[in-house]
Amino acid sequence: MADEFLHIENLVKSFNGNTVVKSVNLAFNKGEFVTLLGPSGCGKTTILRMVAGFERPTSGTILVEGKDISPLPPNQRKIGMVFQAYALFPNMNVEDNVGFGLKIGRVPRDEARARVEEMLKLIGLSGYGKRFPFEMSGGQQQRVALARALAPKPKMLLLDEPLSALDAKIRVSLREEIRAIQRELGITTMFVTHDQEEALSISDRIVVLNAGHVEQFGTPFEIYNRPTTRFAATFVGTLNTLAAKVIDPATKSVSIDGQIAIIPSLSSAARSGDAISLTLRPEAISLANGHARDIVLDGTVSEVAFLGAVIRLKVNLGENALHLDTFNDQHSPPPRYDEKVKITFGGSDILVLGD
Amino acid sequence: MKRSKLWAWIILILGALYFLLPLVATLLFSLSIRRGTYSLDAYTNVVQAPAFQQTFTFSLVVGVATIVVGLLIVVPAAYFVRLRAPQLRPIIEFVTLLPLIIPPIILVFGYIRMYNSSSLLPLTNTALGTNILLTLAYVALALPYMYRAVDTGLRTIDVQTLTEAANILGANTLTILVRVIFPNIIVAVLSGAFLTLAIVIGEFTIASLLNRPAFGVYMQNVGANRAFEPAALAVISFVITWIAMGMIQLLARFAPKTAPRTD
Amino acid sequence: MSNNTDSAAANTATPASAGVVLSRSGVFTGVRWGDYLGVAPFLIFAVMFLVVPTLYLVVGAFIGRDGTFTFQNIVDLGTPQIVSSFWISIRISTASALLGSLFGLLIALAIIRGRLPSAIRSTVMTFSGVASNFAGIPLAFAFLSTLGRLGLITVILKTVFGFDMYKAGFNILSFWGLTITYCYFQIPLMILIIAPAIDGLKKEWNEAAATLGATPYQFWRYVGLPILWPNLLGTISLLFANAFGAIATAYALTGSSLNIVPIVLYAQIRGDVLNNPGLGAALALGMIVITAVANVIYLVIRTRAERWLK
């Protein structure tokens, strides 16, 4: 690929014989915003820190613009980094924090001052130059940290859960801001989070990690709609799993808690009596109010959660239960607890997952 | 990345030399009273001297008295400040800082002027009175350590709940202090006590100026008149300090609820 | 083991301000007179054995032989003997405070940041607890056995290396002798106080500086030391006060051949060598003022540093 920027090959990291990153292969394009997403302890931070140079890979290579960066110490990698706990230097005011990398890089004073001013404007904190970190809110501090990382014009930006110390509102607005700034500067970015919504909303591509290996690498659309592994499907978004029993492979009919359904995508290798599981996103299922799709099942409402624009229902089918989302319609109230309902979904909505 | 750094080893080794050489030198010196061979004679001389036994016992007794009097003063104060009169805390804390700001020689100078034979409270008139004065002076020296130890102990238990529980069961304040609170902070109190003992037992300035037959004064006398015995005394003192500090560490291990100490 | 008031300073200087138990139930609202009864012995003791004796001397410094108010005692502090005793005391206290802080800082950095085996750190901290309390008479004996005329090092240097320290101008009964000896409790005290501050330096600050291109030297120059600076300054003034008030070590080491202020005062108390009780009080006042100023600097800087590092 012509504009490939970062290339990670067979990256492995062990701590005292305990392998936490297992042969990771990734390639980022120039200017791309890539998110590492995965549960706590899956090795996101470790990968990031290997790229930054704070951890030495046990094996494997990291190439930036085709060059192996492993011999370079962190202070020569020209990589900007933003930490979860801001890590602003408490002895310096905002200006000096942002200007630190420029001072170290011997940028002439006037030029540095202009650059600091420009960065403060970029993060919307012009006029805050003389403030000290302890005089600022968490969100402001994290923006300063971003400006500090970007000021020396690094080749790449690394962010390790930069938003998780902030409260929900700021988290959303700041992530949009980070994304906008990243677009404007066109800087290749590696962003770490364990929040799937955050990952889906701002990334060009997402790396789904689990226990040190890559489960799936793709755009948010691909990850959500076409998960290739069960882990990716369950970790990103909500997934219903229905236990079913094959009745007749020839007619593709199965029994779900005694109700018969035809599954067009049923594998031809299935045999009569096989136990199988069907997976579905909540939004693929709807209440069959007159209009029915491929499959219709009877159930009883066992939970009604009003989430605002969406209402999430839990419907019991017997042994199985599934969640479904319906839009909030102010003219027709949702079904009530214990009400009998019919649900419906299309055969093509069923996800076929490798394990 | 995880290798030890060379400079750290160099500093550590230099530091170890500075701190261990005097100890080794003192030990060897204390053993070389006989020309050409090592012997424990200096220690036997020291330990068998009646003055050693008398002064050491004297200082030990004063030390224990200091701890008892100190606790009688500090425990109720710390308890009430924590439970019922938090507005007094700044005053109490300021007071516990005073012994650190005022050098002991100043304190004892003040005592000598204030409690002499022509004063309202002529403590220095009698030996008993002077011993009491010495004990009180040591209480003053130990105040910061004791208060801090007791207060730390109180912080780790829920004073309020314990007190209320005992109150409901019909206990009065004295009973609560003695039967409920004290047993719960005994570990913290003991570490304060050992620290106090380590400070008091070899104290020189105050004891000397009050003309008390204390261990510190005895050591100074030996130092002025003998060559090898002082080294033996230094080794003995160092061992005593280690034991006192070791006891504190040991106690800390037995009290997992106690907040970590800096030393 | 003596009048060394140091590690208490380390301990009480971070007063247990957290966790004040406020009355939460109706049972204990308001302070009743009975509550003061519990605090009374403490306050009475403090007044009688800390506050009044000190004030007594402070006032005494302004009372002449005839019992009237005077500044004469203060003026009399200007005699060459007293001025030189203050001067040597200040020099020794400053030197031992600076050297003690420097080496204490280096050792603390080594055990915390030097990636040494973790057992070393706890050993050093425990030893510091002991050594910071190992002052007074025995410390003097230890250094006499080491660097005295017949001390082990002196003798080894002379017999093995043919170097006579005492001919080369060294004397344990001197400014440098006393300074080196004082460092034996000053360095550990510094370690005990500064270790928590170094622990407070976040690993991320190193890493942030590194990603911005800074070398380890630049990190310490621009970030690490400036952050520790208030703590360092404060501790230096604490060590200064600690050395300034100490007498036992110096007395046992040098007898009265080195006239530091506490030794002059000691002699004055014993035998009124200055032939003027008011002058003794003035001397005491001088000491109080100097140690109080040093301690106040310590407390002020420390409080400010705590706010700043939140």
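As written, the chains take the letters A, B and C, and residue 1 is the first residue of each chain.
Throughout what follows, a contact is a pair of C-beta atoms (placed from the backbone, for glycine too) under 8 Å apart; a residue touches a chain by one contact, two chains touch by 3 or more.
Chains and their UniProt names: A = ABC transporter ATP-binding protein; B, C = ABC transporter permease subunit.
Predicted model only: the values in this text are computed from it and were never measured.
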Fill in: Contact-richer chain pair [A-C vs B-C]
B-C
Worksheet item: Most central chain by CA mean?
Response: C
Worksheet entry | Most widely separated chain from subunit A, with each centre as the mean of CA atoms | B
Practice prompt. Return the distance between the CA-based centres of subunit A and subunit B, expressed in whole Å.
Written response: 59
Practice prompt. Using mean C-alpha positions as chain centres, tell me how far subunit A is from subunit C in Å, no decimals.
Written response: 55
Practice prompt. Return the distance between the CA-based centres of subunit B and subunit C, expressed in whole Å.
Written response: 17
Worksheet item: Counting only residues that touch at least 2 other chains, which ones in subunit A make the list?
Response: 54
Worksheet item: What residues on subunit C touch subunit A, complex-wise?
Response: 202, 204-205, 207-215, 218, 222-223, 226-227, 229, 307-310
Worksheet item: In their shared complex, at which residues does subunit B touch subunit C?
Response: 2-5, 7-9, 11-12, 15, 18-19, 21-26, 28-30, 72-74, 76-77, 79-89, 91-93, 95-114, 136-137, 139-141, 143-145, 147-148, 151-152, 155, 159-160, 164, 167, 173, 195, 198-199, 201-206, 209, 216, 219-220, 223-224, 227, 230-231, 233-234, 237-238, 240-242, 244-245, 248-249, 261-263
Discussion item. If we count contacts the way the header does, which residues on subunit A are in touch with subunit C in the complex?
Written reply: 52-54, 73-81, 83, 85, 87, 89-92, 100-101, 103-105, 132, 134, 145, 148-149, 152, 154, 158
Discussion item. Quick check: in the complex, which residue numbers of subunit C touch subunit B?
Written reply: 1-5, 7-13, 15-25, 27-28, 31-32, 34-36, 38-39, 41-43, 45-46, 49-54, 56-57, 60, 103, 106-107, 109-111, 113-117, 120, 124-134, 136-146, 150-153, 183-184, 187, 192-193, 195-196, 241, 244-248, 251-252, 255, 262, 265-266, 269-270, 280-281, 284, 287-288, 291-292, 295, 299
